[in-house]
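Right after this note come the structures.
What follows is a pair of complexes built around chain A, which joins chain B in one and chain C in the other.
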Partner chain A sequence: MTAAGTLNPRNVTPAPEVIDRMNTPESEPEPLLLFEQVSKWYGPLLGLNQVTLELNGGITGLVGANGAGKSTLIRLATGQIRPNLGRVRIRGTDAWDWRARRLVGYCPDTDAFYEEMTGREFVLAMARLCGFPRAEARRRTEAVLDRVGMRDRADRKLRGYSKGMRQRVKLAQALLHEPELLVLDEPMSGIDPVGRQELLELFRGLARQGKCLLISSHELEELEKLTNHVIVMARGRIAAVGTLRQIRDLMDDFPLSVRVEVDRPRELARQLIDNPDVVGLDLASDETGEYLVLRAKHPERFFRALGQCVVAERFDMRQLEPLDDTAHAVLGYLLGGSGKT
Partner chain B sequence: MPAVSDRLLRYRPWRGDLQGPWAASLAIARVGLRLMIRKRLFWGLYALAAMVFFFFFYGQYLVVWIQQQTATQTVFFGGIPVKMGNLTKFLDRLHLNGSSQTFGNFIWFQGYIGMIVLALAGSVLIGNDFHHRSLPFYLSKPIGRWHYVLGKCLGIGVFVNLLTTLPALILFIQAGLLYDWKSYYVDHFRQFVGILGYGFTLTVCLSVLLMATAVSVRRAVPLIMIWTGIFFLCRVLGSFLVEGTHLDPRWRLVDLWNNLYLVGSWCLGTSRESLRPVEQPAFGEALIVVVIVCVLSLFFLRRRIQAVEIVS
Partner chain C sequence: MTQSVMSSSSPPPSPAVSEPSPFWAFWALTRFLFIRLWRIRQMGWVALGLLLLVTATVAVMTYGPIGWGIANRYSSRHKIVVSEYGTRLDQVQMTAFSPDVLGVEAAVFAAYRGIMADPHFQSDWAFLSYSRWVIFAMYLGFVLPLFTLAYASGAIGGEREGGTLIWLLTRPLPRWAVYLATFLGVLPWCLIVNGIGLLLLGLAGGEMGQRAVAAYWSTIVLGTVALASLFHLIGALFRRPAVIGLVYIFFFETLVANLPGSLKQLSLNYYVRSLLYNEAMANVTAAVPETFEVYEPTDTTTARLVLIAASLLFTGIGMVLFSRQEPVMET
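Take a look at the complex of A and B:
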């Protein structure tokens, strides 16, 4: 996956003959989801600013503060809105084209249903919209309801559903046509802890099947359990793309904090103080004894040097814990706040 | 809470061809119809529509029965002898005789009930999709914007025809069976076409007008107010201008419901003399107004549909 923004600019504007070549059977398959220099305005407001992005598989988290452009990106990917500049393509087809949506499943964040319908009727109606004949639509309806754990409660009217049940029904309708790309907007919202675990397992299962999941969520802890592959959005741009560790490593301006517990912390501090990557060092203590909190630039180089030092001087290392490569911390650095989205 | 199952993660391989987006329009129409039928609020209006139908149905039968069986007999009302043949004169005013006026009047009454239901149901059918943002559920499926519009219009159209065209055709068949069916169906073929034409006109006009108004105002109360303005106030205004201030009958063209009635009467082959009220604009003029309303509604819809972007 690549993305334009601060990290991995990708300026791809293939010539027509190149596109033709790409479409030939012998050529590489088109990317599942491709944003090419996409911008979107809402009147004078810039929702998305020259975003280039390519997704082909696995689970990708989409995080960012409110107004960062997450929803715009999702709506563009699912063909709900059209870009003002650039293009969004699903396997080579314009995302605005209805044919592209045969490959996309969308679980929106809104849960406005027809309250008079039962869950089963709603999912069945959505299956018919996907183009399945009646018998196949019924079969798939039962299958997806079973999949999201709603089969035995699907005959109740939607107006009586809890938030979590609504989430499950929304998810069920998105899974109906076995989409290659599944776009989920806040799928964990309102789901109880047990249900969350079940859905996390379901998402992992889908990813194992080769599906591509793009999940927007404010629940960073849940997202971290699911994937460490994230797109961080800020002010309509993609601020960073990659694993949390990769993103953290590239942020040279923000030293990594590491807690190190060894048998001789003061001696280790003396050894490391000459290392040019170490920019700060604290000796602290708690009930377990003294420990070091190091702040270092270039984490990869620093960890290599630390390892060599520990081996050479025969330190007994009990714990090595990066303190700020959590999603919250990374977001905090990137977005200039607490990291809370 | 039941566990999420991983057993069915792999479906039986789908070997059939997916139906196109036009089939999805049918699914949308079905959902719309189901919503309208389920609303208990409308059941009273449906009962009224059924009463109107049965009135015409048994009325036609009664007229024929009186004419053929008891026309020469005398009955007593409060001790006063009345010839049965005179009773049918009262019924003649209602034109319950399988003529073009029978079907024109019937569709007029039924269409009015349908129009009231649509005014009440517009927000549920269409407005809520925009107002409560349930549109993404539709438009995230493999259909285009126009397939969605077509589906909604189809739903409205089927509903209108269930109230008007279908029962009118039943009355037509009944009239043929009551009279000499061999000659009736041939002689009154124009009425058969007229029923279809009147129904088609109502279907197209009401569906595109409802789509256009519901897409723009979305909520129930403003929608009802707009439809009241179009179909009731404009009717009163038209009558006032022509009958009250004795202006040219063309002023009645502001009454869209009357224009639909005129177009329907033209389809049915009704003579101008038998129209009520008598002072009416020409059939062609009414047709032009109806076409203009439909074209303007479609033009407005096109603009809205091109701009349909689901933005919160």
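Take a look at the complex of A and C:
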């Protein structure tokens, strides 16, 4: 399994909700969302690199930096684009096929609306475009507006809506046809703290009803409140899947390679050789001179020690460059993003 | 924030009540797009301005001193208006010639005078003159293609520019149906605006205008459908459909359709012109004025079949490409 490169998502136990669904495979043999070795290029750019993923229920968070492949994954799952290699399936149907879209509700991150419509008109139009007859479309429109807390504010023009209200309207239209899978791209952006709490409660309620939610966010902390099943994306790959604890443990056990350029590399090597987190240490040289390649576990602890050593011994550090980009990106999220490990 | 408390525990709308139907979705999309396009687009304003200008010019010409008839035409060769030919001929006949010559000349001139005085001839000449300048040059050359481009290329192109195409593409509806439904939504607008254009020019053209509207309207409908299907295709496939459409109108249609040789058979304009020409010829009994001609026009049946086939072909190609290709999005 090459899905996540060195970090294999299949090694990680899925979240409890996912296990619940997985225990009853007889009734629904086809996975709700399945990525099989999916790669996607945009010209020479690789958007997604051999991603394998299976979702069957519960709430799954999708995190990653800009350009990490989140959007590509979401657009593939919602059938907006097609993979160059591999397959994306929704309950066995190719995600590109229109029948798959009956099972998928999508809340895009773009903020383009028919601005001259009111929120109610917009949701009603979307309901009609789903193929519901007029009366049914009206009924569903009121139901979903109620659900996102917009029922009594839906008669204003969309152009006058705040960011948060627009997010709610986008969410409302995704719920119209009661899809099994909800793909929500940055649904929390622009929503005030009170609204966030309401949305989190709504998401939990949807998950309790058996829906599968895939929620992208660049704020790990936000997702942490909602789920402990997280997909971390980096450089077009799934860098890690699992609970945040498991991902952090994985990161700790996974040696990180760093290239260190410093004025006295041999002396620094001597200082670090006894550090328990350092599992490898090479002295190499190129046209810029000698440098160290370090391999260390527990990155956060290691970097703290390295920093103390450099300051204490007054090393002149010219460059510190992680050699494993995937790990680097994950690290950026786990350490920098949430600020706690 | 009490007003916005969410009822996440409320029961979901039961999906069993009514299954969504792609059929209803299709017609809902057609209707949706038709209503969306009520708003006149930027290109539409340009075309409308042009139409008003053309209409005013035509009205001035129609109700001005010269009109569309031959009588008040100025002949630069003879330095007189055509209606003065008779007087000039009389003067010529007064000069001393041998009786033989006079006899022959009198016979020729009599026929000429007869034709010139014939109201049928005068009316036909004016009709063809109006057709040549107003319908062929102005209406077919600018007004119809620009109106059609403004609307047809905006059906999908406008949604893309506004970033709202995503709402249509994520509905549970086959992509080919999205393409076809948007075309059916925009086509009435193309017909309406082109129809208004033709009517305005017809009104401005007085008697000749009414005759032209009656003779040409069916061809205009066919031509509009064919052009609209092409521009809808361009709108679906390219990021800047208006530019490509304008290049097509002014370089390909205008230039190629007038070239001798078989290349013009690739242009829609050629078939529309052939149809109009045939209609015009069927409408007149007298001779053709010097400037009214279409280079090797094809027969009516072929032209109609080609236009219908082109409409079906462009729409078919669009449906196939749109359902296979990833949508072109604004970047």
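By our rule, the second predicted complex is superposed on the first by the 226 of 341 C-alpha atoms of A that agree within 3 Å, B and C clash if a C-alpha of one lies under 4 Å from a C-alpha of the other, contacts with A are read in each partner's own complex, and residues count from 1 in each chain.
One rule holds in what follows: contacts are C-beta pairs under 8 Å (C-beta built on N, C-alpha and C of every residue); 3 or more make two chains touch, one makes a residue touch a chain.
Since the model is a prediction, treat every value here as computed from it, not as a measurement.
Taken together in the superposed arrangement on chain A, chain B and chain C clash.
When the two complexes are overlaid on their common chain A, residue A:D282 makes contact with neither chain B nor chain C. Residue contacts after overlaying the shared chain place A:E267 against neither chain B nor chain C. In the superposition on chain A, A:E198 makes contact with both chain B and chain C.
Contact with neither chain B nor chain C is seen for A:E321 once the two complexes are overlaid on the shared chain. Using the contact criterion defined above for the overlaid structures, shared-chain residue A:S71 touches chain B, although it does not reach chain C.
Within the superposed three-chain model, A:E313 lies out of touch with both chain B and chain C [touch as defined at top]. Of the two partner chains, neither chain B nor chain C is touched by A:E300.
Of the two partner chains placed by superposition, chain B and chain C are both touched by A:R139. When the two complexes are overlaid on their common chain A, residue A:P108 makes contact with chain B and with chain C alike. When both complexes are aligned on chain A by C-alpha atoms, chain A residues 78-82, 98-99, 101-102, 104, 106, 108, 110, 112-114, 116, 125-126, 128-133, 136, 139-140, 143, 146-149, 152, 173, 177-178, 194-195, 198-199, 201-202, 205-206, 209 touch chain B in the first and chain C in the second. Chain C meets chain A in the complex at residues 1, 3-10, 12-13, 15, 17-18, 20-25, 28-29, 32, 36, 39, 162-164, 166-175, 177, 326-327.
Of all the residues in chain A, the ones that touch chain B in their complex are 42, 71, 75, 78-82, 98-99, 101-102, 104-106, 108, 110, 112-114, 116-117, 121, 125-126, 128-133, 136, 139-140, 143, 146-149, 151-152, 173-174, 177-178, 192, 194-195, 198-199, 201-202, 205-206, 209. Residue ranges of chain A in contact with chain C, taken from their complex: 78-82, 98-99, 101-102, 104, 106, 108, 110-114, 116, 125-126, 128-133, 136, 139-140, 143-144, 146-150, 152-153, 173, 177-178, 194-195, 198-199, 201-202, 204-206, 209.
For chain B in complex with chain A, the touching residues are 1-12, 14, 16, 18-21, 23-24, 26-28, 30-31, 34-35, 38-39, 128, 132-134, 136-144, 147, 309-312.
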